[in-house]
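Dropping the structures in below, format is structure tokens.
One chain, chain A, appears in both complexes that follow, with chain B as partner in the first and chain C in the second.
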Partner chain A sequence: MQIFLKYLPNEDGVTKEWALVEVQGELGSREETSLDGQFVGDLYYNREGSPILIIGHHILFGNVQKLEKPFAVLEKVRGSNEAKTEYSVKAVIKRKLCFRERPKPIVGAFTNSSNPNDTEELVQVG
Partner chain B sequence: MSLAHPLATGRSAEEINAILSAAKLDKKDLLAVAQEIAFAEGFSGTQYRLVELPKEVAENIRVGNSLVFRGDSSDHAVLCTEQATYEIKEAETSNSLLIFEELAFPEQAQRTSRWSSDSSSASSKSPDSVSNLPIIPITAAGDKLPQDDDGGDAVLRDEEIVVRTIQDIVHSYFELKKITPNLSKIRNVLALTCYKGLGEDDDIPEVEFITLDKLLELIPASEGEITGYLKSIRVMECDGFLRLIDDSYLYRVFTLVNGLVDENSWRIDRIPKSVVIRTLISLEPPIVIEKIFEWFFCKNSEENEDIYCMKEDEICRFYGEVLLMPGGRFNVSEFMKIWQESVPEGLRVNVKQLEGTAVTNSHVTPPVIWYFPEHNLPDVVTDRFAVLFEAKPKWRLEEITPFLQNLPSCQSAGVLLTKFARVNTLNGVKYYSSKHSK
Partner chain C sequence: MDCDVENDDPLFFTETGKRRSRDDVEFIKLTKRQRTTPSNPTSELDVEDTIIDTDENVDSESVPFIVPYRRVLRHIPQDIPYVPVTTESGSRVYLRILQTEKKTSEELGEDEEDEPRKLITTEGGKNCQLFNNWGAIKAEARILKDRFHRSLANIVENEDVVAGLGVDNRCEESLWVEKYKPRSYLDLLSEEGTNKTLLHWLKLWDKSVFGTDFLAKVKMTKDKYANLEAKEKEKLEKKFHSKGANAAANAYAGLDEYDEMGRPKLKVALLFGPPGLGKTTCAHVIAKHAGYSVREMNASDDRSVDYITKVLDDALQSKSEIFQDGKPNCLIIDEIDGAPVATVNVLIELISGNSVEKGKKKLKKVLKRPIICICNDLYAPSLKELRKHALVLQFFPVTVACLGERLHEISLREHLHLDNGTIQSLCEKSECDIRSCLSTLQFLKKKNCTPKDALFSQIGMKDKSKGLFSVWSDIFTIPDSKRNRYDNVDPSKPAVRFNSVLRVVQSYGEYEKLLGGVFENYLRSKFKDCYFESILEGLSWTNWFCEMNASIQQHQNYSLMGYLPIHFVACHFLFGQRAWFKINFPSNDATQKIPRTRNIISNMLSEVVPSVGRFLDAHNAITDLLPSLLSVIQPSTIRPVPTQIWSARERETLRNIVEVMIAYNLSYSQMKSVESGAYNFVLEPDIEALTKLKLQDTQGSKRTFAYAVKQLVAREIETEKMRRNDNVLIDSRSQSLLPKPIEANNSQTTVKKQTQEFKVPKPVAVSSRIKAEMTTKDFFGRTVALSAQKTQDLLALKRRTSGIYFRFKEGYSNAVRRLVKMKDLE
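Let's turn to the complex of A and B:
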């Protein structure tokens, strides 16, 4: 059996570069709703270039890491022939934002939040 | 594509600013990039897989070389570049790895070192909104944030916020580890269709013939390693099929060639290939003669492409194998004499030429030598050591090393011996023996 990896480079022939964010635990919704298009949180960088992620009532401080070994992002594609599985290399990932520490709670309520897609729906389980 | 408008989640800049202030973050202290994270539309959580790339594999991807997964149901799958084979192992992580197609890193933000500061130039989210006025966020304590000294807004504006979507979340990735593939299976696969001469193919069923494409389906190794191995076991491609050559047939054809050399009194380094092929064309297929020149001769003249020289080690080794192959143990000194007499005139035999294909035991009287090819040994390391020490209890390093190469474990002979053998010194010579022997 042989499965060939196909490339989908940019028009200029360069492999696309994607990015990774690593967080502790799981990202999920408290309700069993579809995650389609759901809001998760806000990402900033401080003046030192360290990332800050705010998810619901939690704030996470992280750092930017260059991966020692890059990742290839593979996508399984069903070939025209039903039984045949193919993979394509969508992109490579060379850097990630890493949030290893446990999230810190943000004290104080968001009194003016009226959005039904409320941030509180998404929780992080450490 | 990054979308500046509208925010996918329909949140307003006011809400975002409220969160910022609750988190006690001041826009002044942040780089000029705000990214709103959301799940992609149609998020499935199963779309992508991550494979960690060793440097040389990453380089293969960069230059666009092909990569291929190989293996049948009984083998573990491997990933192959043109020249190397990698074992695939899944590594689990308790963390979540969020995959983004686009994400701004700090240096992208630093390129625009400041937030857009002109409050009147920016387009607002809705024409009739009040967002052209400075938005004063409400902090948890209810106090105002101070205005930025250099005239910029202290708050985020809609157009400063880009949406980044999570394409997938994974909790494991594949690691690649370079291995020496097990190629010995190739010999067995091709043994059924061994070439024994003209007219000998009629008994072989058509389905048994193997093409290179078929072999690539069967053997979990890179194409470069497979073709290299095919060359080392003397396989020729004939009408698109890969054919091992029967040793006694090959010996017969080689003696025909050597007979011509004698007849014409050619020097062993002045053999005209075209004359040999022309003379033998009615007896043997030209492809076999061509292959004999490829395996046992080398080009010897810059000005004349047709002049070849005998490769001493290759030819002596082949003659030695043919002599030893029928089996049994031979008295070493007698064997060396017969062997020397058998080879083409002008070539010198040396017991080193039989490394990895025969074993000599000098601890018995008289010393003996016998056929013991590396390719017949088990691939599992412990089993191989058992067979080696059963054949001969004590080995010198240079004797055993040829039998410890090409093992799929990819470890050097030295490492394997440290792990699986015991070393003794006898009269100043180091010998390796079984760990369990007395």
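Let's turn to the complex of A and C:
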């Protein structure tokens, strides 16, 4: 069976590129709720371009890896009557952010010393 | 062997105080090297038993065989019957056989006493026609000898008359030491056992040098005499045990071995002993006796590595030099203890066969000739390695009787009238130094002094500096009051002691070194005064010495140097005792300790809390503070038990300790001890080392803290310091912040601050306040008004942060191992 994908470029004509986040460990919720739609953490890049992920009071340092095969993020649009169920490409994933080091705890005062203007919030996983 | 007696009798010197057994004579004969010439195959047969005796006055170096019709030839004569003969010096001559032989020798003997008489004996049947009338010759020889002695006495008398007339032109005569040098083995004065051992060792080289096996020869001779000995033993068995033979056998025990190349196991002989005992002479004579030509190297030669390598190569290796004057070389290295270590190492390498010749072939250098080394100090550091490879022979001082007899003979010949007592005291005075005795005698002769003058003056005193330890022991011991027979001086008299100690110290010269030993050993002396006055006085003398020395060094006023040895004389009178005690080499603890102590003190003082350090200087610290401080910071009230069961008092003590230690900048640091490898906490700076003295240490009076307690204290100090640092930091920050809000015109915060300013701020409160403040300040300390949106963002961020957490899983990505069985797979 052939599945046709619908490729819809963005408004600016560029395909959105997402990134995969791979962590060594697991995420949990204190409220025993599902992680769906929850805010996980802040992702920053330092000047060298390596990503820094802050989850709760943990700070993770990682690196960017290029995936051997790119992924596509598909969205399934269920067709109502007569209309076909179709898949559209929402984004392409070519890189993954790999956090394999043990996270460092953030202790002490609330950290907001890093100016939000310097770093760019790239992606929110959830 | 009838000729033995004759052979032994006429010597350069008469036998001096030594009785030679037949064994010895046989040994000497055996070891005598007769060089065999390949072109003369017959000579080998009779060479063994052919001995030529030279007369008393014959110099072996220049045997004057100058006879008109050349009876004595240096080369093998052609077409003439001859007898090969070896002279005392080992050189070989050939006697032409003539019918008039007997007559001429007689004539010679009668005409000129200086000409050698020749006594030729042989056992071989070949040349027997010479000795048909052997008995007659023997009788004649006796007559000649008697006559010679008589004429000698006459000459002495005659020359005395001449000397009395003042006709004495001996200015250019050689030194007596040279003149009366032993010329043959039998003339040697040194101990028989030493001589024999050296000679035996040298003969062992025969196998590789001459190709004759000495040991086999010895064995042969022994067998020869086995029968005789057996008979003798039967006689002696009941009375004596043949000690001498046993001793000799023992001495050679390690010697009778060859290595794989037929050389003796020990390649080098090392002779040592005090100067003037004839070591060099002995080595020369024995080397000549064994048929070697001597090459000598001594202190006056260059002793660089290059040079010695060259000499060793030349003398001992290269073929062209080996047979230079017809005889193989034997190298004698004199005064080797003065040679640099590198030079000695070259020698050792050669001996041990490790040295490799440079060049293409990479041949191993092999030592082919014997080397005899001579030194005064066997334990010189440079000889440490050499000792292992060498046959070490000690030269002992000659006995007074032996030397006396020789001196007597010489004095007779030189027309000095010395009685036995004088000679004996001369020997004793010079400690049996042959060279010194001879020189003294010559000096006496030259100056026309009476012998008595010499004995009471400094003449003939050895100019030999004593070793460090013997100087110290001279300082610390009072000699026995044994009266010297000859100079009638009681050595225990203060005046004599004063002079002797002064002289000994002056001749040693290195006063500071001496001072170290005296300073570290004077307390061992047994004092006889209960008020320690002599200690006080001695220390003040030492103080005087140090001041004097410092002043000499500072002003370079060396004229004061002469007064320094007086200090040791003073020490001798204060600390001297009759009983001997062991003197330890100074460890120089004191001189090393001073800079270390100063360092520690200055370290400590520089870091002491100012309020304490204000009233503290180094002197006060070390005399008053530190000894008691140690017991303050290590009180015995703290038990080495877990802190949970400490009493309140102990906690209080710990707090006190920590306070004090911080105040004096003390702490414990972990150190690994060198010996046991165990860790221990040591005070830093190490004031324990400053306050603990050696004597306390031995008593073990003070119990120190257990490891755990020290650890606890160290940790407490660290945390306390951190706490204080924090406080200081916070204080300084809050102080710097104080005026600023006023400038910023923020009335609310100012009021808040001002109300808090007068309270003593609690650390926690301050820090939280700071934190709150910090958020609103920018780099220049101005308050930054937060925009409403940002505040909201922050709040949102805060809110959102809660909830999700991350749990790291260590080793999660590792391959999971699972037990899989074969049957499951199928």
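In this section, the second predicted complex is superposed on the first by the 85 of 126 C-alpha atoms of A that agree within 3 Å, B and C clash if a C-alpha of one lies under 4 Å from a C-alpha of the other, contacts with A are read in each partner's own complex, and residues count from 1 in each chain.
Rule of thumb we're sticking to: a residue touches a chain if its C-beta (ideal position, glycine included) is under 8 Å from a C-beta of that chain, and two chains touch if they have at least 3 such contacts.
Worth saying up front: this structure is predicted, and the values here are computed from it rather than measured.
Once the two complexes are overlaid on the shared chain, A:Val107 sits against chain B while remaining clear of chain C.
Of the two partner chains placed by superposition, chain B and chain C are both touched by A:Leu27. When both complexes are overlaid on chain A, the residue A:Leu60 reaches chain C alone and has no touch with chain B.
In the superposition on chain A, A:Ala19 makes contact with chain B only, while chain C stays out of contact range.
Of the two partner chains, chain B is the only one touched by A:Ala91; chain C is not.
Once the two complexes are overlaid on the shared chain, A:Gln38 sits against chain B and chain C alike. For chain A, the partner touching the most residues, choosing from chain B and chain C, is B.
Residue contacts after overlaying the shared chain place A:Glu75 against chain B, while chain C stays out of touching range.
Shared interface residues of chain A (contacting chain B in one complex, chain C in the other): 23-27, 35, 38-42, 100, 109-110, 112. Contact residues on chain B toward chain A in their complex (touch as defined above): 8-11, 14-16, 18-20, 22-23, 25, 29-31, 33-43, 45, 47-55, 58, 61-62, 64, 66-73, 94-103, 105-107, 109-110, 138-141, 164, 166-167, 169, 173, 216-217. Taken together, the chain A residues at the contact with chain B in this complex read 1-5, 7, 9, 13, 15-16, 18-27, 34-47, 49-54, 59, 64, 69-76, 87, 89-93, 95-97, 100, 106-113, 115, 117, 119.
Contacts from chain A toward chain C in the complex involve residues 23-31, 33, 35, 38-42, 55-56, 58, 60, 100, 102-103, 109-110, 112.
Those residues of chain C that touch chain A in the shared complex are 771, 774-775, 794, 797-798, 800-810, 812-813.
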